[in-house]
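Both of the next two complexes hold subunit A, though its partner changes from subunit B to subunit C.
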Partner chain A sequence: MQQFVNVTLGGLSQGAIYAAFALALVLIWRATRIINFAQGSMAMFTTYVALVLIEAGHSYWLAFGAALLGGLVLGAVVERLVIRPVEGGPALNAVIVTLGLFVAFQAIAALLFGSSFESFPAPFGLSGFRVGEFTVAFTPFSAFVIGSVVVVMLGLVALFRFTDVGLRMRASAFNQEVARLLGVRVGGMLTLGWALAAAVGSLAGLLIAGGNLVHPAYMDGVIVYGFVAAVLGGLDSPGGAVVGGLLIGLALSYVSGYLGSELVTLAALAILVAVLLVRPHGLFSRAAERRV
Partner chain B sequence: MTKWVRRRRTALVAAVAAATVLASACGAGGRSEGDSGGGAADPGITEDSVKVGAHFPLTGVAAPGYSAIPTGAKAYFDYVNANGGVHGRTIEYVYRDDAYNPTNTSQVVNELVLQDEIFAMVGGLGTPTHSAVLDFLNSNGVPDLFVSSGSLLWDQPEQNPMTFGWQPDYEVEGKIIGKYVKENFPEAKVGLFLQDDDFGRDGEKGARAYIDDQIVAAERYAPGNTDIGPQIAALQAAGADLVIGFNVPSYTALSQLTALRLNYQPQWIYSNVGSDPALVGALLGRFSEGKVTDSSMLDGAITTEYMPGVDESDDPWTQLWRKVWDAHGGEEGELSNYRIYGMAQAYTFVQALQAAGPDPTRQGLVDALEQVGGELRGPAFVPFRYSADSHAGMSGVKVVRIKGNGSEDLSPVQVTDNGDAEITEYTEEQATPPANGIPDVQPAG
Partner chain C sequence: MPDSVTAAARRLLPSSVLGRNLLGVLAGLLVVVVVLELTGPFRNSQFATMSYYAIAAVGLTVLTGLNGQISLGHGALMAVGAYTTGLLLETGAVPFPVAMLAAAAVTALAGVVVGAAAARLHGPYLAGATLALAVGVPGLAIYFDGVFGGEQGLRVSSPRPPDWLADAVYFVTAGDLTSARYLAYIGWITLLAVLLLLANLTASRYGRIWRAVRDDEVAAELAGVRLGRMRVLAFVVSAACAGLGGAVLAMVVRLAAPSGFTIVLSLSLLTAVVVGGLGSLTGALLGSALLVFLPPAVTGLGTDLGLTGTQAAELAPLVYGVVLVVVMLVAPGGVLGAVHRLRHAWTRRRQGARDVGAVGSSKQGG
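Our next item is the complex of A and B:
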């Protein structure tokens, strides 16, 4: 029983991190209709920026803020300098460019920050809460992770559903020509979409790094599971991304705890294939509406 | 699936081997004017130099600690070169990064053998990594000395005549740990935390030989998967109050972090390879906030040792390593147990090269090691088991408790062999280092 509780709680906190990452993918998908494979590398990069600041003696929260801001700027810069020139061409071009960025960022990080493992501090305690005589695998930091993810999800829902900017972002992503005719500054919207997505990605990077070891490739696992989570949720729905993230986190934790840790990657693939066979557009998507 | 991969690998090896034959046939033709020396027909050796190579994880999950080993070996080779080399030859040492990924290992070892044309492999690191190149090195007749891993795979002289182990193998270490637990923690419920490959399997085999009935759970982690929460939770749920870990150092840090999260406080025993307190302390250092300070997290954990470490500053071997490091590596960082490991391995290689005589060939090096390897003495507490029938490395360890960055002895040095061999106390006095720090082994035969 205790093991079940701990494996479940561990899965939930891991799942929250996958969800944060999936949210960034959903955001960029809704805002630009591109899948950004470089998301994880960019997040890793800003996490290292935070680590450098912390090592220089600044507080965790200053570094946290700087990394989010850094993500915002990095996203905008990448969109303007690298993605913009390929945006008019076939959709695949931009995706391939993001794959290139993924490799490039890791290489640059290894050059700048070294490729050894470093520990990354957490702002809250890392010992689990006590319930009666048991200690459960749920720490103050896990609570912070889940809280942040919920806040970001609600923020995104609000952005796309209730704000003018959100509507314009969706319009630009949906049909640039029409949006332009209606007076939307499409270029600005795309940049904004990238910037916001990179900031959310940075948050995911910081959340997974907290109380753990980081190195230039530490996001690789999260990237894969985050993608699975986003696709499970339907790529279009922030709520779906969070549910997908938590499901994947839980499922992988059970697989690892009860079947064996070597099966985790296989299980992620099996879940992805199974879900897509039953619901080809993900659990939460209403894809039919898009086929105008 | 394994079968398929293996078949593909065999095909690859065959293709590469064929290419090698071609390459070396061409190479021999072009090179003949350069080397007129007697035994210098083999690649990588000339009148005044001998080139050796190795693969190490300089990046990635196994890099912490292990990436420092080649810097130690390099420093010792430089020291020997500065003092005249071996039989007048300087030792050239090339090492490449495989990131602890067997696919990369195959590639970098190909480069070492075909492009750099090394004479011998010395100290290539890792069980999963090195097993990927075992066939390749042996079918190419490259001496594959002193693999930096305690797997039993390196001791198969029939099948892999060129490969030799070095450190005590994990089965021997597991047996000695198992016996210690049986005698000192007879009531303990034992959990095993194992890397899911030969490293964990060999250790488990050794431990089970003594405490099979005490083991309540065996959890395995896949290297690369850093979320080990479920594994540690399973050990805790099984009620294990003593956990033996056969894992690499970064997983020692992760297991401590995860245990902290679960408030799980068993008696930890880590195998020698995963237990360096300075390294684990550095990895965990930043989680301080008063709760975790430096190496205190490993204080009280039990591990094993087979040669004097960096903290034993009175030991003549440690003093030698410090002298070598200050002269030839100092600017790269502090002397550490990993660097000492590299230096000690380099020391053994110098002994082997001396034993191979003034005109060594690849086969001659292997033959010499089989003849006199069992008599070589160096920084290790125990001798090697080398002979014509055995390519196994050191025969034993002592059990110690980690205290700060050092350790205190819990048991005398014990030796044994694989399988049913008894564990006995080893009483021979440890050798002292030669005055000039360079071994003086007479040519064998």
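Our next item is the complex of A and C:
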């Protein structure tokens, strides 16, 4: 029983991070129909920026804010400079561009910050809460992880539902031509979408890093599971990304807790294949229309 | 004048596709022999490396370039081929060509399973499923560590050059047939055989059907093409190539281990196929060459410029990443696409000049 609770709680906080990452992928997919494979590398980069600030003696929260802001700027710059020319072109070309960015960012990070493992601090305690005589595997930091992911999600919902900018972003994602005719500056909205997504990705990077070791390739696993989560939920559905992230987090936690950690990657494959065989466009897809 | 020369040369070529491809492969074999004999063991092993990347990449070209299915999981299929080869060679009872064919057959079988699952998926969903395949399959090797050797992997006893061949080579070239050179020969002869088969296949009915499916599914279906079956077939052909590539990899690296089949391998194959020029076998060769020869060249350049060893080692992926981005921005059709465009522009300009001349002399405009 105790193990079950621990495994579940661990899966939830891990799943929250996958959910945030998947959400970032979905934001970009909806806006520009591109899967950003460089998402993990960009998040790694901003996390290193935070680490440099912390090591220079600044507070965790200043570094946290700087990393999120850095993500915002990095996302916007990448969209403007590199992604804009391949938007609307062949899908594979955009994939290769983001793969190129993925490789390049990792190399830049290794050149600038070194490729050794470095520990990243956590703002809250990393020892589990005590319930009676048991110590559960739920730490103040896990609470912070889940809390911040929930806050970001609510913020995004509010942005898309209740603000003018959010409406314009949805319009340009829905139909660029029509949005342009209605006076929306579609290019700016796409840049904003990438910036927001990169900031959410940076958050996921910071949360994964907290209390752990960082090195230039530490996000590689997260991009795989984040992508699997996004595909699982259906790339067009932000809610699906969240559900997919939590599902993957929980499932992988159960598999590694009860069956053995070497089966985790296989479990991800099995879950994804099982879901896609039944629903080829993810769990939360609408009825698929095909253009003739 | 040069036009008539090329026309005469064209008349001398065999008229059948098979004949032309056979001639091309023979010419390729000649080049391979000359290059491998003239280069040292280090270059030989680089060429061996290029051969297994290229075998898998030309297979991926059939799938992604001709049939339009993206795969981020070909590294996993290479792993299937490599482990099959390793297990068969370990017994010592099987000669290596049989082990390679068996590897291709087993991987083709795996391709049937993966292809059947993938046939319903499109675009990013297919990408996601194959990405999961790429990270999942090496996990299988770790889980069944009794058979596959776990994290350490399987040591593969690569074939040694037989004495008669070494003697014959010594007789002809007065050089030793080193192990590296022998393996490079195995890799390149396999690659040329695969190229011959695929070049014929792409020019055949199947190649046309695959292109039709890629360009317009609905139109192809209306024309009587059974989409699912053709998709699975493309996957099987592509998987068999990946299996052969994995077999060569296992023999060249002398090891089949999960660390050799990371997600990076799968992604590198895709980048090689697209950067060289999507849909063309030559493009896949170019991309594989870039993959193998660019990083050491950049690292060498970095050390020459006074960077430390680790910095120079990181410079290579940086340059590779930047090359990927720049090629896609400058030449969306890949390197080969850019070459075609340049040649097209050049002939059009020459033709334009000739037309102007013709109009000037005889006023035969139209």
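The rule we apply is simple: the second predicted complex is superposed on the first by the 284 of 292 C-alpha atoms of A that agree within 3 Å, B and C clash if a C-alpha of one lies under 4 Å from a C-alpha of the other, contacts with A are read in each partner's own complex, and residues count from 1 in each chain.
We adopt the following convention: a contact is a pair of C-beta atoms (placed from the backbone, for glycine too) under 8 Å apart; a residue touches a chain by one contact, two chains touch by 3 or more.
Just so it is clear, the structure is predicted and the values come from calculations on it, not from any experiment.
Q: Determine, under the contact definition given at the top, whether A:130 touches first (subunit B), second (subunit C), both, or neither.
A: A:130 sits against subunit B, while subunit C stays out of touch.
Q: Quick check for you: in the superposed arrangement, does A:110 touch first (subunit B), second (subunit C), both or neither?
A: After superposition on chain A, A:110 lies in contact with both partners, subunit B and subunit C.
Q: Contact-wise, after the overlay, does A:175 reach subunit B, subunit C, both or neither (first, second, both, neither)?
A: In the superposition, A:175 contacts neither subunit B nor subunit C.
Q: Which partner chains sit in contact with A:119 here, subunit B, subunit C, both or neither? Use first/second/both/neither.
A: Touch partner of A:119: subunit B, not subunit C.
Q: Applying the document's definition of touch, where does A:262 land relative to subunit B and subunit C: first, second, both, or neither?
A: The answer is both, since A:262 touches subunit B and subunit C.
Q: Just subunit B (first), just subunit C (second), both, or neither: which does A:253 touch?
A: Only subunit B is touched by A:253; subunit C is not.
Q: Tell me which partner A:273 touches in the superposition: subunit B (first), subunit C (second), both or neither.
A: Only subunit C; A:273 stays clear of subunit B.
Q: Under the stated touch criterion, which partner chain does A:212 make contact with: subunit B (first), subunit C (second), both, or neither?
A: A:212 contacts subunit B only, not subunit C.
Q: After overlaying the two complexes on chain A, where does the subunit B footprint on subunit A coincide with the subunit C footprint?
A: 110, 115, 260, 262, 264-265
Q: Considering the complex alone, what residue numbers of subunit C touch subunit A?
A: 64, 70, 117, 120-125, 127-129, 131-133, 135-140, 142-143, 218, 263, 267, 270-271, 274-275, 278, 310-311, 314-318, 320-325, 328-329, 332
Q: Which of the residues in subunit A come into contact with subunit C in the complex?
A: For this pair, the touching residues of subunit A are 29, 35, 37, 82, 85-86, 89-93, 95-97, 99-108, 110-111, 115, 220, 224, 227-228, 230-231, 235, 260, 262-266, 268-270, 272-273, 276-277, 280-282, 290, 292.
Q: Please name which positions on subunit A make contact with subunit B in the complex.
A: Residues 2-3, 6-7, 10-11, 14, 110, 115-122, 125-128, 130, 135-137, 139, 211-213, 215-218, 221, 252-254, 256-258, 260-262, 264-265.
Q: In their shared complex, at which residues does subunit B touch subunit A?
A: 58-61, 63-64, 67, 196, 220-222, 224-231, 233-234, 236-237, 250, 253-254, 257, 260-264, 283-289, 291
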